[in-house]
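These notes open a run of structures that come right after.
After this come two complexes, each holding subunit A, first together with subunit B and then together with subunit C.
The block that comes next holds the complex of A and B.
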């Protein structure tokens, strides 16, 4: 089985596993936890396409999370769109926004890129706050998000909404996986490691970066749409800098070098949040301590650490095989002589 | 050997998987089963317990506990104790929605008292629309939450004061002072977000309604949680207004007063500050300005009755802090829930409780004439004490408090609803 088909098979298995959760009678709270995690997971995974694979540290990624949420919410509240049409419209809007922002930002490096994305995010956030008649200002989109039936699917039903979120989530993850294992993905890593060399090899660096920026924004936008469907509203803090910071925490917690690292980070962060909120109001203190332990103790995300250990073990085993072969060959030569 | 090894490894994997499932169920699943069997009536409270507005959650929970502890000491409702389950949403609306769902689905709460700030309250409202349990919004003052029929949810109510009620009462009071002292040119200084803007617009609209000579000559909109108000104070001073209205609140208001004092702002004009009168603000200002008018929030002398003083003393004794405006609003929410539960014989069905609460009148010192009513037409509290008085630097912190009559408020509220397209 080729890598591509193996990945798709894993995606299918993941989807089946997620769909089995309600079949086995999991309480609604577990479904809610998964849906919430999927929305934020897409935000973190898409951000890692920039940070981990392209070396573009964006501080403003939540802008696209919010743009997806607001575009979808506003389209649905207008009553003129079906859910698939509003979904598509939100993605197109987010892509257009990312194209404009990306075209300006991707030519800049490191800190300048980071701060310019942050600046655009705060501009977008302030537009949401200031345009009260359209966005509801700091109260967000009030009155709920209508969910008319389409193709016999009723997203007002929580189980059907869960299935819809799972399918959208797995499709996005599969797309991201195909992307990072494709030549385009390897070009991104080349740019991350040495963009001058990439340029000398004939890679159109700004164009590749811009494409990556737009795709990543679209996936974050899907995350925003899922969250809008879950909470039946869209709120300005979806696009606030703290949400971008949270996504960076998720990447830190899970690891940026393993494909599913940010997703693991999302689950850890959400679990920590849900557990600490149950027992204390000092959630940030607990999260801060955990992050300190990870940063100072592990110096990488848990998945990165596991991947590194596995790689070391694999190399040690390979070395042992080579040593044994060399020893055998030497023995043979000695016997021969 | 290898087959044993692989069997062992599979077994270890199974154990790990099993442990994972158990841990997951423990984190998000089990409490619902265990706690649901306890027999207590569980009331979920999403609120803000961390950050700069943690006092909101603290004093809301205080207001609820005062009532529910008393009920539990007396044996509960039909022998069932009331159990509060409080969760921190950290002020994020999406967390408020998630926490509310968890409280119902995971912790087995049958009733929600939503002690969120406004944006969180709108998110909670959507959860209630879907799940249909009884919900009382105890802190959100944004009028549209209950006034806008498009947002109406049959099982959701509000015991918080409402912005439009305060604006009409405050506008009437301000106009009387303006007429008496010739205050024609007004400046405003309110936080730059929905509450600040709508509250200020409504207050000035009704001040002008009652005194046609009033005109606004300057508007300042400092950011929420802004640390430095120098620019704002200078702007207000340069306007050379006769009076100023401010909807700043909490630590922002304390910081503003302290900084404005350095420029002598309060010596140069009359000031009306709707949120100054609350404990936690009025007793935190270092150099208290003279002649500042404050809206009624909670004060132990308003009304000056024994019941109110006893309630204050009991609150301070049991909760170890002074009550605020949020405390009385939650006290009323708790009382209404208790009365509704008594009417339904402890049945927590959302529709039945909603029927019991609709139009309910309870006796309380926080109401004009000793009672407040949950108005059936829009599920919102009316007849609570609204008014203004002169702020003082020490106890009782407010003097010459004048309670606004409700008849003009009802009348003008009707007109406001028509104008907004709500009626």
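The block that comes next holds the complex of A and C.
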């Protein structure tokens, strides 16, 4: 089986596994957990396309999460769009926004890039807060998001909504997977590792970065749309800087060198949040301390560490086999002489 | 949009004076914070995303010292010193561990510190906003210039911030300490090879930058309400200031702070909804036409 078919098989298996969860009568809390996890998972996975694969440390990724959520929510509330049309509209809007922000930011160096994306995110957040008549300000999009039927699918029904979200989620993950295993994905890694060399090889570095930025923003936008569908509203904190910080933390927790790492990180962070909330109201304090321990103690994400250990062990084993073979060969030679 | 109101304001001297002073106090607070950010970046090549938290801690510390001593000058000085010491500890125990690593790790350390300090503020001072009120030293009748009313504290704030800025510039540009710091900014290992303990200078620079943020917090305490998370919005504005002024340039930070302060104060009359947008527009224009900032050196980018 080639890599591409294997990936598709994995995607299919993942989809079936997700769809089987409600069949086995899992309590609604677990289904809710999965839905939240899918929305935030797309945010973290798309951000890792920037951070892990392209070396673009964006601190403002939640902007696109919020823009997807708000564009979709507002389009649905206007009553003029069907769900697929509003979905497409939200993605187009997010892509346009990413194009503008990206065009200004991608030429800058790492540090500038990090805090300009952060600054643009805060601009977007302030627009959401300030434009009360349109976005509802700090109350968010109130009154629920209407979910009319389309093509016989009724998203007002929890099970159908769950299936819809799973399918959208798996499609996005599959797209990301195709992207990072494609020549484009390797170009991104080349840029991450050595921008000058990439430019010498004829790669249009700013254009590739901008493309990556826009695609990543669109996937984050889908995450926002899923969350809006799920909570039936959109809130300014979708686009607050802490959401971006959390997304970065999810990548650290899961590991940026493993494709599904950010997704694992999402699950760990959500579990961590849910657990600390039951014991203390000072979740931020706990979160901050955990981050410090991980960053200063381990220096990298736990999954990255495990992956590295496994790789080392595999290499050590291969080395041992080779040594044994060499020794055997030497023995034979000695015996022959 | 209410450009008529802006035109009416520009037509009367009293309104101009009022808006100028309020723009200047916004600008001077920004300048103190941005000069700390830019100093730390210029020398250590790290962006302190937790700088806003230091400002917040400075404000809260000044509030507490004022409750204890009743003297604003002592509490402002105490707050600056306390935050400076805190900054040195932050640099030594946390930031210095991630100097060599990529931006991601630095970002995460700062993110963690912001989360922890916001929550600690909530635990120590409570989640509701505090206000210091006008200190007793400045409960004087307001001054009048050309029909405009200016509280004496505003004058003090502007003069104090400018004096601190001038002192900082003198220390960096004219003293032996400043020479070493500027040399370390260009080539740290070389300075270290000359027998100078560069790490001490790094810690000192971080401490000075933090003390500036603490002083800004203390100056802001009488005129701003104190809330957990108050540091973050001013951090974003100080980033905009450093981008416009040029990374690493204290003069640039000064000019850009005044531009942003005046944009805010006059903009709040003429185009209140678009003030943020205009600030970002200025920043985007600077980035497009002079990416190193108004006073920045091109290689610093």
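Simple rule for what comes next: the second predicted complex is superposed on the first by the 337 of 337 C-alpha atoms of A that agree within 3 Å, B and C clash if a C-alpha of one lies under 4 Å from a C-alpha of the other, contacts with A are read in each partner's own complex, and residues count from 1 in each chain.
By definition in this document, a contact is a pair of C-beta atoms (placed from the backbone, for glycine too) under 8 Å apart; a residue touches a chain by one contact, two chains touch by 3 or more.
No experiment lies behind these values; they were computed from the predicted model shown.
Three-chain overlay on subunit A, with subunit B and subunit C in a clash. Looking at the shared chain after the overlay, A:10 reaches neither subunit B nor subunit C. In the superposed model, A:112 makes contact with subunit C only, not with subunit B. Of the two partner chains, subunit C is the only one touched by A:51; subunit B is not.
In the superposition on chain A, contact is made by A:289 with subunit C only, not with subunit B. In the superposition on chain A, A:184 contacts neither subunit B nor subunit C.
In the overlay built on the shared chain, the residue A:235 is in contact with subunit B alone; subunit C does not reach it. Of the two partner chains placed by superposition, only subunit B is touched by A:27; subunit C is not. By the touch criterion stated above, A:249 is placed in contact with subunit C alone, subunit B being left untouched.
Common to the subunit B and subunit C contact sets on subunit A are residues 282, 284.
For subunit A in complex with subunit C, the residues that touch the partner chain are 51, 57, 59, 104, 107-112, 114-116, 118-120, 122-123, 126-127, 130-131, 241-242, 245, 248-249, 252, 282, 284-285, 287-289, 291-292, 295-296, 299.
On the side of subunit A, the complex with subunit B involves touching residues 26-30, 32-33, 36, 129, 132, 137-140, 142-144, 156, 158, 227, 230-233, 235, 237-238, 271, 274-275, 277-278, 281-284. Considering their complex, residues 24-25, 27-29, 31-32, 49-50, 54, 57, 87-88, 90, 92-94, 97-99, 101-102, 105-106, 118-119, 122-123, 126-127, 129-130, 142, 144, 148, 150-151, 193-194, 197 of subunit B touch subunit A. Interface residues of subunit C, counted against subunit A in their complex, comprise 41, 45, 47, 49, 94, 97-98, 101-105, 107-109, 111-116, 118-120, 122-123, 232-233, 236, 239-240, 243, 247, 273, 276-277, 280, 283-284, 287-288, 291, 301.
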